[in-house]
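Below are structures written as structure tokens.
In the two complexes that follow, chain A is the common piece, with chain B as its partner first and chain C second.
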Partner chain A sequence: MVELAELSDRRTAPAADTPRPAVGGRSARLRTAAVSLGMVGPAVALYTVLTVVPVGVAIYLSLTDWNGFSTAVFVGFDNYRHLFADPASTRSWYVTAVIAVVGTVGMVGGGLAYALLLKGRSRTNAFFRALAYYPHVISALILGYLWAAILGTNGAVNSTLHRFGLSEPIGFLFDEKLALVSVIWVIVWAGFGFNVVLFVAALQTVPAELLEAAAIDGASTWQTNRRVVVPMIAPVVTVATVLNLVGLVRAYDLIVSLTGGGPAGSTQTFSYLILARSFAGTKVGYATAQAVFLMVVSAALALLVTALRNRQDQAAAG
Partner chain B sequence: MGKAESAPRRRSVPVVKVVMLALLTVVMSVPVYLLLVNSFKPQQAIADNPFGIPLGELTLRYLSDAVHSPQYNVIGGYGFTIFLVVVVDVLCIALAGPAAYVIARSLRRRTQLLLLYFLAGTFIPGAAVVIPVIYVLRAVGLANTVTGLVAHDVASTLPVSIFLFVGFIRTIPVDIDHAAAIDGAGRYRTFWRIVFPLMRPAVVTVLILNSIGIWNDFVSPQILLSPGSGHYTVTTAIYAGISQYSTDLTKVFPNLLLAVAPVIVFFIYMQRHIVSGLTVGAVKG
Partner chain C sequence: MRRLWRRAGVAAVAATAVLASTAACGAGSDDPPGQTTLRIIVNITPNLTQQYWNGLFAKYEKSHPGVKVKLELTGTISASAKLNQDLAAGDPPDIAQQITPTAETASLFADLTGEAWTKKTPLADQYAVDGKRYVVGVGEQIQSLVFYNKAAFAKAKLDPAQIRTLAQLTAAMGKLRSAGYVPLQTAGQWVPGAQFSLLADSGVLTADPDWTVKRKDRKVTFAGSGYQDYLTLYKKWIDAGYLQKSALGLTYADGQTAFLNGRSAMYMMGSFFVPAADLAKKSDGIGVFTMPTDGAYPSGQFGNIADPYVVVNASRHKAAAIEFTRWLVTDPAAVKSQLAADGNLRQGMPYPMSSLGTQVQKVLDAAPSVIVKAGARQPIDGYSNELNTDVQKLYSGASGATVAKGLDTWWNSQS
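Let's turn to the complex of A and B:
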């Protein structure tokens, strides 16, 4: 329905789009409008049907007890009430928050440290930056399987420790506390390189005169970085922080392959809970309520990025 | 600031730098080293010493087993994934290009709202929207079909693509369009023949962003194509294979190597474009 409204809305719109030939009466203008509509229409229609409508469907289903087969019964806000009462759900939010916050601190901190080290334009620096960056282009699912083969009970680390006489394997993925640490480690390992690249791009715009001035004043490298360089790129650091948070709140693929949410739900993120538990358990109504809630949280964080970026643009313009 | 003071400082920085770079090299390359070496070793050799290279025992057997495995097949997954990437890329450009052109060239407020409408899509996490998408696809008769997956993937690539295109088209002088219009070219012609060729950098960015996104996507093909459909992408093939044989490292390592190799080669070859493309996509998108 939304797309129909959108289309008729555009059809009634007078044609004033540029470019417009100097001559042309009402019919020519209408033709231009029709052509414009033909150019935006398909994209608007597809996006509406497969992105906007599903959000509406999710909101509707979240108010029902539907299991995917039966007739849906309207249950009001029961699913949302359950969302805050269900221990599995509240625990997964705790897990997600820990992963998002600690992971972001690790990625931004690591990214900043290596960016300061590798900001130069030499080939060696470019090589090390690529080395830090490459996991970013690999699917998180595959990285998770690779690290499971390294950290698992019969994985590379434990077999090596065994060879050196350690009798019991370390439960990197099977100890409730360690598993969360391992998940965060893999996330930081895979994601800090992206931050390195982001920060290096910003660092290369810091005027050389500033650094020279700091050097003339006798500032050490540490002092220059802390007092001059980092404050200069602070806006980029802020945006990167929120970007990392938004990405980590959605963590799913890596959890599937690295821990399967285990042991005992200790690494079960909210996205994982939605797809692997609620949805797979045919609790569609509840799963969509969780999905809607995740959308709201993601949107709030994403709006934060936009607001920060706008402020940054204004600061740059002013 | 005497010489005695600055000299040790100048030396202390390289020490920190060397240690940090050594750490970086080890931490980033060990997983790839293990992946490479253990893809050619029997289970016992992997268990005995995963870091070792037992020259006598190295074999192509397990890699060849992985290539020929009937149940799940990463190589078979290449074909379908490449198909998916190409079709989604082409359709995305075909839809996003003209739409972005109209939005970028219009001064009307309503058209600008259209850009916001698309931008709202970037706020929606894939894992959350994919469940209701199933029911929408079911309603239009595309549930569990490749067409349905392609349609969903194209829809999900539109917001960022349109946003990047609009930003780029606005940097192209409108005079070019006017000149084309005076020469009698219609809007479609003006866009595809005159403006589109000038958009090369933005098109490359969008292609890289979408290609890597679709290649690595796991949620959409997992949820929108059931195993019964017979279509596996690289990620769903890996998932099907490894969740079954996770303790058999002679199956895990070779399959992962097959899944990672094309991406790594592509990355090395196109590094500069990929890094800048993904950065622009993430920051602006």
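Let's turn to the complex of A and C:
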């Protein structure tokens, strides 16, 4: 039978093999460092092999004229210079920027509005929340083919309108401007459900006392949402914005199946250009430079949004 | 402390295992003794379906016990793009179809010059790089063709034999439109650029077969050549309603079906359209004539090697791959099967043709030359994609001059 006092001692005493602060000799410190390295080492090794090395190799290849098989010749920053001189590249950046900005606004704004509308706990709300989320679980490639069948010249929408007497099909996918709108619409439709889940979870964390206080002060629903709810979930909105923005800057798979970058390159994003044109051709060095540039832009965008958010938070706190 | 060491050890072993398994994934696996698996990538098209290829390869496997031919699908990209990816990844197939070696890429492929049987394969010398044969084909494909709906021509009282110039072609389109037809069928995807090439190359390249070589040397430009005239003409056709903008929303297969169903009167396409018409049992209602130009009549036929095959130098079964390739391009049954499947032609390899196929053969027989874009005459990488993008701009209001200038800007930016 273990004595009560002994049990108490066992609870309060540090475990025998827990590393203690290195107060003693050098060998103890070395042991602690070795154990720490042993714990962190595998993760660092994996990260280095799977991320740092590929990025390093990519940066190196971006400075060469490698075509994917012959010996790579160092060309300095030629690929980066070409990136800004290539008309296809500049055109695709415009398309990418429009899709990223408008798509993010749509996905975050739409997701937030939808979440605020369905934040209550009821079966109906749960059903509609699931409904909003379900496109997110389907491959973007498949969604693109589905929407192509809906919006195409002979698709479901145009066929129906034709039956009602519309003589000319609407150019959802063949008119340059409308095609871009269609792409953004499908992207928002497919992706905003993920934001709904994020925002609904965040809304559950808003203290009920704050909402009650706002109600007692006579705030309308709009005022409560704008002045109380949204500021409370701002960090989640920031995360969603960064995720959406960075995700859309890399938009590719849905483009492939919905429009193939057409018509006339009007929906050709930068990622599409990299994967469908540069890598598919024999311009691996150039394609890698494009990919590195895309990585830098994505990182810069993420940092910019986070910095803006932080500044806003500090201004609000100050 | 011992427990911590143990945990660290387990984590390290796990990480090593993950890395080892990752490396193992890329290493591939060896065949069992006596068994050779040949990996091949091909283009899957409406004519050459996955089922067709597997059926063809099964015949080889049957006559060559111990050899298994594995068709590797390319997903949403072309065979050429897939090969580039596989080469870059260090895991290329043994054989690839639809690849045209260039001086830059030739070293990747087996030099077949020493194989006597390659001498008699179609266009072998035209596709040679520095006198060496790296690619062999099944037949010839011709592309400067205009297929027409006989009923539409009869209704519009048109005689296809009288359509020899671009002005006559334009006038015919007007009559066909008046008769209630969409004069010229097009589609989205790669079709507008390809059709424009069929149209313009027949004129420009018949007049000057080395135009592309000169463009590479910056001695000519799109804006200062016949290409701008063709772009302007194409724009006029769009403005006149002879080509429908809504067709850009159709897939290649949908556009083909629209023509086969009689909604449109003419369709510029290569000889590979014939099997589709045969399959739809519409061949007898369709005729064909050579592409009109403002130059010589008949013009040269823009053509290319049909079903070209290369053996990848890095193949672990090179001898078996070369033997399989020999079978693909010389075995009469295999050759005729491939020719028939894609509507291609080869001297000395007749196969039962429909009335439409026979007409295409007559067009080829009457052509003064077959213009092949290979070797130095091959445009720079990415040209067909850029041309397709730029031609589609004509549908959105861009002028022929703007598009020609855009093509020059793009071309110059690539060199």
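The rule is short, and it goes like this: the second predicted complex is superposed on the first by the 246 of 318 C-alpha atoms of A that agree within 3 Å, B and C clash if a C-alpha of one lies under 4 Å from a C-alpha of the other, contacts with A are read in each partner's own complex, and residues count from 1 in each chain.
Definition applied: contacts are C-beta pairs under 8 Å (C-beta built on N, C-alpha and C of every residue); 3 or more make two chains touch, one makes a residue touch a chain.
Keep in mind it's a predicted model, so treat the numbers as computed, not measured.
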{"item": "Touched partner set for A:Y252, first chain B, second chain C, both or neither", "value": "first"}
{"item": "Partner chain(s) touched by A:V105 [first = chain B, second = chain C, both, neither]", "value": "neither"}
{"item": "Partner chain in contact with A:I142 - chain B first, chain C second, else both or neither", "value": "first"}
{"item": "First, second, both or neither for A:L46, with chain B first and chain C second", "value": "both"}
{"item": "Partner chain(s) touched by A:I150 [first = chain B, second = chain C, both, neither]", "value": "first"}
{"item": "First, second, both or neither for A:Y114, with chain B first and chain C second", "value": "first"}
{"item": "Touched chain A residues, chain B compared with chain C", "value": "B"}
{"item": "Which superposed partner A:Y134 touches (first chain B, second chain C, both, neither)", "value": "first"}
{"item": "Contacts of A:A219 with chain B and chain C, given as first, second, both or neither", "value": "neither"}
{"item": "First, second, both or neither for A:P54, with chain B first and chain C second", "value": "first"}
{"item": "Contact residues of chain A, present in both the chain B and the chain C interface", "value": "16-17, 19, 35, 38-39, 42-43, 46, 49, 141, 152, 154-155, 256-257, 279, 284"}
{"item": "Interfacial residue positions of chain C with respect to chain A in the complex", "value": "1-5, 7-9, 11-12, 14-15, 18-19, 76-78, 80-81, 84-85, 87-88, 104-105, 107-108, 188-189, 245-250, 254, 381-382, 385-386, 389-390, 392-393, 395-396, 406, 409-410, 413-414"}
{"item": "Of all residues in chain B, those that touch chain A in their complex", "value": "1, 9, 13, 17, 20-21, 24-25, 27-29, 31, 34-35, 38, 46-51, 95-96, 98-99, 101-103, 105-108, 110-111, 114, 117-118, 121-133, 135-137, 140, 151-152, 154-156, 158-159, 162, 174, 177-178, 180-182, 186-188, 190-191, 212, 215-219, 223, 234-235, 238-239, 242, 246-247, 249, 252-253, 256, 259-260, 263-264, 266-267, 271, 274-275, 278-279, 282-283"}
{"item": "Residues of chain A touching chain B in the complex", "value": "6, 9-10, 13, 16-21, 32, 35-36, 38-40, 42-44, 46-47, 49-55, 57-58, 61, 113-114, 117, 128, 130-142, 145-150, 152, 154-156, 159-160, 163, 189, 193-194, 197-198, 201, 218, 220-221, 239, 243, 249-250, 252-253, 256-257, 271, 274-275, 279, 284, 287-288, 291-292, 294-295, 298-299, 302-303"}
{"item": "Chain A residues touching chain C - in the complex, by the definition given at the top", "value": "16-17, 19, 31, 35, 38-39, 41-43, 45-46, 49, 67-70, 82, 85-88, 141, 152-155, 168-169, 171-176, 256-257, 260-265, 268, 276-277, 279-284"}
